[in-house]
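Two complexes are shown next, each including chain A; its partner changes from chain B in the first to chain C in the second.
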Partner chain A sequence: MDIETVTAELERAIEAGDEEAGPAAARALLDLGVEPTYVTSALSRAMARLGRQFQRLDVFVPDLLVATDAFDAAMQVVEAALLKSESGRKLKGTVIVGVVEGDIHTLGKNLVAVMLKADGFQVHDLGRDVKVARFAEAAQEFQADTIAMSSLMTTTMGRMKDVIDLLVTQDRRQRYRVMVGGAPITQQFADEIGADGYAEDAPDAVALANRLLASGRAGGGET
Partner chain B sequence: MRFEPTDRVPVAPLLGAHAVALAGIPHERACQDPSAQADALLLAVEAYQPDAIFTLMDLSAEPEALGAAADMRPGQPPVIVRHLTPQQLDTEALEERILTARVPVFIETVSRLRDALDDSILIGALICGPLTAAANAIGIEAWGRMLRRDRDLAARLLARLTAACTSLLQRHAQAGAHAVMLLEPVATSVILGPPDLEALLLPRLQEIARAAHDSGLLSMLHVCGDCRPSLSLLADSRADVLSLDAPVDLPAARHIVSGKTALMGNLDVRHLLPHDTPDAVYQRARALVFEMDSTGGFVLSTGCEIPPETPRENVAHFMAAAQM
Partner chain C sequence: MPSVTPRQRIEAALRGEKTDAVPIFLRDLTLGLDVCDFTTPEVCAGGPGGIYHAQKSARCVIETQRLLGHDCVVGSIHDLGLDVDTLGGRVEFPERGIPYVAEPAFSTPEDIARARLPDLHTEGRMPGVLRSYQLVAEALGDRVAIAANVEGPVTKAGLLRGLDSLLTDMVRDPAAARAAIDFAVALACEHVRALLDAGAHFIFVAAASDGPGVIRPEQYLEYTIPGLAKILAAASERGAPVVFHPHGPFTDERFWPLAEAAIETGIAGFQFGERNDLAIAKQRWGKRICILGGPDIPEVLLPGPAERIREVTNEVVRGAGGDGGYVLMPSCSIHREFPLDHLRAMIAAAREYPV
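Our next item is the complex of A and B:
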């Protein structure tokens, strides 16, 4: 098969959540001699297309979940090749993501993490029930430029403000762009706590991260 | 709710978490102590004079009874911290198992409410619907993957949970409930699209509504979030009342459901109720009453349970919008 056909098969497999065909097509592309970044671009296109379908409600969360599994499986094939590649993959920036302290609902955070990764961001997933101080520590540890926080409960959403306040106290707020999301979160809430942006869903989080990146500034408010 | 004439629009907010805070009772205690929960709800009845009172919303009670592990945290609703495997849920024992752990707390709460209140106020039991009970017991991500990779198992689990929900609603009927409200936040359209809802969940919702009616209960269904794409299907659930969240435009929804079910809702509990002014709450509630109250079949309520931090004055202004 030629490169074009295999690329189409890779993108189809990702969108269909096919955990076997996805990595197989990624391997086949590498065997055909393409650069690893060619494969990651195809993966990004597939995930972005799926994100648009999700926002139109043509596909639903279960479809995203199986697609992220196929994406992860294909990325495992490509990552080894990326390490050996001279060009490597140009990453857009480093994002740490996590569910705030007291909250263990990870669905939205997990989707955001994979879709950011698919779009070319370096993502460090802190998991769930992440303490306020851990967000600040991890941002420093991973030299992140963006902090993305999720909360599904009204009782825990206040922790997002605590993270921002801690960064202010540490005089590090301007180093990071802060994104927030989750069922009870609104743009108004994001504005009130001093976040740089609010995302309604995972594709929206990718768009927001790109907007913040394009704004060319670190934290302190979206322009 | 039965499309019969009333002298004013009925008002029935989901007061649970706010009631518990109003009573100064730790949330986790109200989830474990029927006396504390009933006292808090009765205090709210006294304070606001609603037309219905519902038990506390707790989406972990049924999953915990089914075998998942829940964690109690001070001042917060319990959360599931260890899920079951789908195979552990695939058993006929669910009908008995769902009546264990903290679920009896809610049945006993209904009983205490019935003892304390006369028939002028509707007593409603909130229970997890079959989809939400299954998804919360095995984890929502596991549920989503199963839906795409093992649809037969997903369908079988929904059937088993439907039998369990039926068993539970019968206990609530025996305890004196007038209504049972199935909580199905997982049926929100981004998670469960209309095709899956129609094929897998709708027949089960119809089955449960029929069982509720057979037990002499009013059947209510609550779906959180934006379920506009699924409204016409939800209208076929045979629920007497469809309780909808703030993202849904209720006047538009009324055209879609076209008299198949009464509608209940839907003031925003994310920002408006807890954080806006009493006057803003009153004006929005009045506008909704004005928009919806011409043909009956409408209950003024909140889009979901009122958060504990909501000022009492805001709730009072919400109630006044219907009671004037």
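Our next item is the complex of A and C:
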């Protein structure tokens, strides 16, 4: 098969959540001699397309979950090749993502993590129920330039402000771009707590991360 | 002329009738913890041996109703993890947060096959919840309507299995998803019977994960609707009406058939959450069922200010409540740390609205 055909098969497999065909197509593309970054671009296109369909409610959360599994499986194949390649993958930046303390709703956060990864960001997923101090520590530990926080409950959304306040107290606020999202979160809330941006869903989070990157706003990372 | 009680107001609305004022149901699931200044573990796992504290729960519900004067209460402080820990999962109780499932009961599909329905009257923390409903019914039940908050099919199964796992099973292992949902529905039906026997007047099916906000339309028709029909049958045994509250944009024309499918099961009311137009709901389905809903929590009720809340409440009631068959609610449930003044503003606007 030619590169074009296999690329189409890879994108189809990711969108269909096919955990076997996805990595197989990624391997086949590498065997055909393409650069690993060519494969990651195809993966990124598939996830972005799915994200747009999700925003229109043409696909639903189960579709995104299985696509995420297929994406992860294909990425494992590519990552080994990326490490070997001379140029490697040019990463856009480093993002830590997590669900704030007291909240264990990981669905949205997981989707944000995988779609940021697909778009070329290096992502460190802190998981759920992440303590305020842990966000600040992890930002330093992973030399992040962006902190992305999620909360699905009105009772826990206040922890986002606590994280920002802690960064201010530590005189490190300007080093990071801070993004927030989740069902009860609004742009107004993001403005009130001093976040740099609010995203309504995972595709929106990717767009926001890119906008913040392009704007040159804050996010110098650790120095 | 005898005055209409809050309970009569709600019951009339659920029958589609007009009454003396706009009926109000806050579905304030944990707000009362703040009103009584209780910590969450003190109520949800604060009785002897870590059991649910019925008296403190009932006090929260009763004091909050006396403070705000709404027409309908849920009979206990609600706890999403009630069945989860009884069935082997783990629930956390943050001091000032709300209980959450730290580890689901069914880590694998095999766990579902091994599970048996718990006895709600003797096992876990549920006996405390039932006692809370009884205490609330004794104190308020003659005058104030009492709703039993019961999770919907996919929602409850998601709590027991873990939502990510359940939704993945729906695609990769439909038999496992079916088993989890069947178990969840059977358990929900047990809740329905026990809570109605404890003094609840109607069933409120809270279904955050049932609907096109989460699952595919065909999954909703395959899993949610048959489960809802079973819950309805259990409520019918006690002659109690059922209100359904799934998440998703049901007033979007593409999803009208999904709302229709729920209505055809025989529900008395449908609460439309965020991303819905209540005026469309009223126009399309208002002659068949009671419409419930109101100001959007993240966009309006939470940020305020009070004047905006009053304006939006008036607008919503004008669109949906003019000729009865309507209950004013926030767009979803209300929890602790919610600004009381914002709820007061919504209630005041509804009370002043000329019916």
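Throughout what follows, the second predicted complex is superposed on the first by the 218 of 223 C-alpha atoms of A that agree within 3 Å, B and C clash if a C-alpha of one lies under 4 Å from a C-alpha of the other, contacts with A are read in each partner's own complex, and residues count from 1 in each chain.
In this section, a contact is a pair of C-beta atoms (placed from the backbone, for glycine too) under 8 Å apart; a residue touches a chain by one contact, two chains touch by 3 or more.
Since the structure is predicted, the reported quantities are computational estimates derived from the model, not experimental observations.
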Clash-or-fit label for the pair chain B, chain C on chain A: clash
Which superposed partner A:D201 touches (first chain B, second chain C, both, neither): first
Which of chain B and chain C A:T186 touches, first, second, both or neither: both
First, second, both or neither for A:L107, with chain B first and chain C second: both
Chain B versus chain C as contact partner of A:F60, first or second or both or neither: both
Contact residues common to both interfaces of chain A (with chain B and with chain C): 17, 57, 59-63, 65-66, 69, 102-104, 106-107, 110, 153-156, 183-184, 186, 188-189
Touching residues on chain B, where the partner in the complex is chain A: 73, 75-77, 79-81, 140-141, 143-145, 147-149, 189-193, 196, 224-225, 229, 270-271, 274, 307-309
Sites on chain A touched by chain B in the complex: 17, 54, 57, 59-63, 65-66, 69, 102-107, 110, 153-156, 183-184, 186, 188-189, 201
In the complex with chain A, residue positions of chain C that touch it: 30, 92, 94, 96-98, 100-102, 163-164, 167-168, 170-172, 212, 214-216, 219, 249, 252, 254, 297-299, 302-303, 335-338
Parts of chain A lying in touch with chain C, wherever the complex brings them together: 17, 57, 59-63, 65-66, 69, 102-104, 106-107, 110, 129, 153-156, 158, 183-186, 188-189, 192
